[in-house]
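In what comes next, subunit A is part of two complexes: it sits with subunit B in the first one and with subunit C in the second one.
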Partner chain A sequence: MSRPSDDKLREIVARFPTTREEDWKYTDLSRARDIAARWLEEKPAAAASASPDRAAAITDSIDAAWLVIANGELQTSRPPDGVTVGKVDYIPLGDSALAEFNAALVSDGIRIRVSGKVSTPIGLLLIDSAERTSVSQAYVEIEFDDGASAGVIEYHASRGRADQYANTFVTFGIGEAASASHVRIQDRGRQHVQTSKTRVRVGKDASFSSASFDLGGCLVRNDIDIDIARPGADVSFDGLYLAGDGQHIDNHTRVDHRVGPATSRQEYRGILNGRCRCVWNGKAIVHEGADGTDADQANHNLLLSEKAEIDAKPELEIYTDDVKCSHGTTVGQLDETALFYLRSRGLDRNAAIQVLTHAFAAGLVTRVPVPAARDAVSSLIERRLEELAVTIEDEES
Partner chain B sequence: MLDIKDLKARVAGNDILNGLSLSVKAGEVHAIMGPNGSGKSTLAQVVAGHDDFEVTGGSVSFKGQDLLDLDPEERAREGIFLGFQYPVEIPGVNNAYLLKAAMNARRAHRGEGEIDSFEFLKLAREKMAALGMDPKFLNRGVNEGFSGGEKKRNEILQMAMLEPECAILDETDSGLDIDALKAVAAGVNALRSPDRAIVLVTHYQRLLDYVEPDFVHVLSQGRIVRSGDKTLALELEEKGYDWVREAASA
Partner chain C sequence: MATETEQLESLVNRRYEHGFVTDIATESLPPGLDEDVVRAISARKNEPQWLLEWRLQAYRQWLEMDEPEWAHVHYPKIDYNAISYFAAPKSDDDRPKSLDEVDPKLLETYDKLGIPLHERARLAGVAVDAVFDSVSVATTFKEKLSEAGVIFCSFSEAVAEHPELVRQYLGSVVPRRDNYFAALNSAVFSDGSFVYVPKGVRCPMELSTYFRINAANTGQFERTLVVADEGSYVSYLEGCTAPMRDENQLHAAVVELVALEDAEIKYSTVQNWYPGDENGKGGIYNFVTKRGDCRGANSKISWTQVETGSAITWKYPSCLLRGANSVGEFYSVAVTNNLQQADTGTKMIHIGPNTSSTIVSKGISAGRAQQAYRGLVKVMPQARGARNHTQCDSLLIGKDCGAHTFPYMEIRNPSAKVEHEATTSKISANQLFYCRQRGISEEDAVNMIVNGFCKEVFKELPMEFAVEAQALLNVSLEGAVG
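The block that comes next holds the complex of A and B.
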């Protein structure tokens, strides 16, 4: 694919969404725009290779067949039996400037095909490392044949002090009676920017179970769009965001119930500390004729600091009668009574905070749909909660 | 062991304790009785270190050191245990985890290593059997969905595992049926020893049928207005708290 002219790229960057758009009201992409503009200005040489040590540390921590995409280039690919990895013929332009930006720059769109029941999870490591301002793109399509099943672990990481912006698109096409499990772990550098879009097409009687964990990044926007166009679909997805000082993490979800019967369930949880802001916007659209739809959404937030801010917004649009829809949103502080109870048993304040925040997150960890990722997720969360608890102490003293 | 002198404390601008003095020696069991609102629970919470309560005067020393200077966790590690009137439900934190973490915090404070997992389980099962608790409670969330009686038994289990030097049990007998009351009393009696002090905060005399106190104190308006032996509790039961109030204001 030939790269468009810099002028064309600048023109696309100028069309990045702004806070004037309803869907982007709370998330200002100026920083992504700045990094992209600077990157185009500096005309960097070929991307530096990502640190192999860091990649190895991650791929060793989770038992999966890993595909490593470093700075947007496919480096290693060891698909398990029943899985083939190739390149996409073309990348659809999509419906946004971010999709256009991706399509214009991605070096190789990757196509993963799952045929049959695959027991080894497919690992997808998207890792960036740069010493200069950089932008990376990834585009991955994962197609499940009818009746196929597999787990996919998508891991985003970055290192380096320079400004980085990663823009990724992952698409799931799930065939009839196929079953896809998905875990997304985002543990980017605390000063890096990411926008990600996950698109899911769920086939007849197919299932999609997912869990997302956002730990890093300074400006993060994730969109997950799930399209239920065949009856019998069973969709369940969770998300956990742990944000500290200087982080902005936005999760926008959208489920289109075009036919029934089908179920979708989502639960997002957030733990926020220090000066940070998170957004959860859950949209469920039950289209005309989608009788027998059961849609449930929940979002719970724990704010550990007065400087932390959450914008939580459920959006239900229902155009048919025979439906069951529910939503619930909560925002709360740490339970002081529980904190005292734990301290009165000898746990110090930090340990007690960690115990309570861990308990808040624990339900989502036990539900991680790809068991191979569970231990790694659990220890990443523990590490992050430890950092967040320490920040609280600093704030007090 | 525990010396409280002229203690004054307030919460949300209201004076609750108004110069309370109490001295508890190792080996003794004290019962603190009094009507609702007399400051019984406040006393228990202040000794345990709850920061909702502001100490405005007096002193509390434990084994010779100033207790009011210590954080709640430091008090616990030194050997103070508060049995809560309303034990807190903590979903997602399992009972075994909390017990172990609490024991290890005390052990670390004494310079000992962490408790061996097998030893811990053996001990916990023993103590639970003695309290008539199903061992399944170990793997449930702390007090999560427990009945009132189960919560109180769980408090006694924690006390039995932690072997505190000074246990303060705040209304541990309230809301218990007779079987649970007996189990709780047996747990308290098992802990009685010449090295330990136990303070029972209670509204009713009935617990004292099963745990015989050495001293009984009556609290009214944030002060101890009468002290005596176990017969004082019986007298109170008979005459009611009005009798104390009258005696106090007389």
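The block that comes next holds the complex of A and C.
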């Protein structure tokens, strides 16, 4: 696929969504637009090769067959038995300027096919590294044959001090009675921008379970769109965002129940400290005729700083009556009584905060659907919570 | 099942009981809207120059605004030039001084509605400022109220007799250009009610206004302003029924409430405008802006609404919680049937410290109706200790209806506690079976369940209204379950 002209690319960038659009009301993409425009201006040479070894810690700590995608290009791939890795023939244009931008620039669309029950998880290490303003695109399609099952771990990282913007698209096609487990860890540099979209098509009697963790990035927007078009689907996904100074993390989820019976459940939790803003927008649409749908959304937030803001919006659109749908959202802070209890047992304030915030996050960690990733996720969260807790203002002082 | 369905259909298809037209000649302006119409309305009401200017500015601002399209409702574009902006009962110049002087036909209308005005007013101890079309024709219990120092009169009267109060508070909660429909109302509002409760006064009775739309093709543009001065209390009841019409009628009202320090306003509404027929023909477009301003410390504003009528409802009674420790409440039951559409909810804006708000919204959707709850809870950075609890439940009756929730939460203070819960389901087969098994008819069982579902809201209504609300609910929904 030949790369479109710079003028065409500039035109696409100019069409990036703005806060005037309802879906982007709380998230201003100016910074992404700005990086993309500068990158086009500077006419960069071929992307510098990223050094995947820097992220070796994660590939070492999680026992998986890792595919390394550096600056959008597939570098190494050692797929386990039952998994084939190839290139996609064609990248659909998508329905947004971000999808068009991705389709226009992605060098290798990667296609992963899972046939049979695969016990070794498939790891996707998406790492970007640049010393100059850079934009990277990744496009991955994962197809599960009927009855197949596997775990997929995405780890997003970036290195380098220059401005970076990564725009990734991951698609899951899950065949009949197939089962996909998914873990997404976003641990980018604190000054880097990411937009990501995960599209999931769930087949008859198939299951999709996912957990996603946002730790890094300065401007992060994740969309997950789940389409249930066959009966018997079982969908369950969680998300945790830990935001500190200078971070903006936005999670938009959408589940389309087109037929029933089917179940979807989601739970997002957030811990916010410092000057940061998080957005959670959950949308469940139960279409006409999707009888026997059971959809549940939950979102809980811990707001620990005067400068933090959370914007939450749990939406339900229901067009039939044989359904059970619910959502719950809470925003609050640490329980002073619990803090006092821990301190009366000899823990200092920070340690007590650690215990309580960790407990708040732990509920999701124990549900990580790929067991091999659990320990690594747990220690990443612990590290991030330590960073966050240090800056919590002591109200008594 | 088949016979049940038939039975249900006959119940669901019950016709609108209050659909009749009172034949009174009305004196209307020809359809159309321009500055001359605004001037004509103002002149006909003998308004002072400042109010005319205020209206004209609103009109000019309205011209620059776009009709909102974000609501989850669909309707053909409104031709604002096909609407007549003023209709008054003929006896405008010679308005009745007491009920005896009121046109007997008018009283008959109230009779048909089961609200014999004087009877009801006397028995229930309610003062009624009955708005028939656009001009108030009867006001009772004035004396008793004036003893207490409470001003309760039509808006036009307030403009004439208490211009300083009107001027001070008009538009101070809902500014002229707040939104498209508020701007339109500000330009052409016909009449409405004005209430002022002085310092420390507990209003001796519940104040009530009954509205009716009665002239074809006439938009009703009510303007209500309630001011509760320091330490006062007032409960205001607003209810409405409308006769059957084939053409859509636009109703764009504005209600402004101001609660000063330690004051409390309780505002209750039963809305039963004509919803259109089974095929969605006719019915009122109810595009209303309602907002209360808890301006003083420890003030409280409570909205309670039962919405059963209108073809389209677009309504978000809101509270600005400015004063420290101020309280906002929103209790709502909304019922949509046939092809009715409702996009309703509330906004709670927490500005002052230790402010709290409660939202309880119960939606019932049946037939092919679409209903949406849309709400905003916003906690500003300075609103320390803000507290909100939102409960938002929907009951679906039938395969073709819809229920939607769009709650927005924007929280900027770490000491805020905000909770939102919502559920959507149909009437449980188990509950129904249990009742049927005990010998209760399906119709009564559904009634019981629906009334139980709405109980939290009904118990907030004043007695008289609670009765009317339950009756309305039964008419709209009895047995509408499959």
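What we mean here is this: the second predicted complex is superposed on the first by the 392 of 397 C-alpha atoms of A that agree within 3 Å, B and C clash if a C-alpha of one lies under 4 Å from a C-alpha of the other, contacts with A are read in each partner's own complex, and residues count from 1 in each chain.
Note that a residue touches a chain if its C-beta (ideal position, glycine included) is under 8 Å from a C-beta of that chain, and two chains touch if they have at least 3 such contacts.
Keep in mind that what you see is a predicted model, and the values were worked out from it rather than measured.
Look at A:371: by the touch rule set out above, it reaches neither subunit B nor subunit C.
In the superposition on chain A, A:310 makes contact with subunit C only, while subunit B stays out of contact range. Touching more residues of subunit A than its counterpart among subunit B and subunit C is C. After overlaying the two complexes on the shared chain, residue contacts for A:356 are found with subunit B alone; subunit C is out of touch. In the superposition on chain A, A:321 makes contact with subunit C only, not with subunit B.
By the document's definition of touching, neither partner reaches A:246: not subunit B, not subunit C. Those residues of subunit A that touch subunit C in the complex are listed here as 22, 288-289, 291, 301, 303-306, 308-333. Residues 48-51, 71-73, 75-77, 81-82, 84, 87-88, 90-93, 97-98, 101-102, 105-106, 109, 141, 158, 162 of subunit B touch subunit A in their complex.
The touching residues of subunit C, when paired with subunit A in their complex, are 70, 381, 394, 396-426, 482.
Within the complex, the subunit A residues that touch subunit B are 335, 337-338, 340-349, 351-352, 355-356, 358-360, 362-363.
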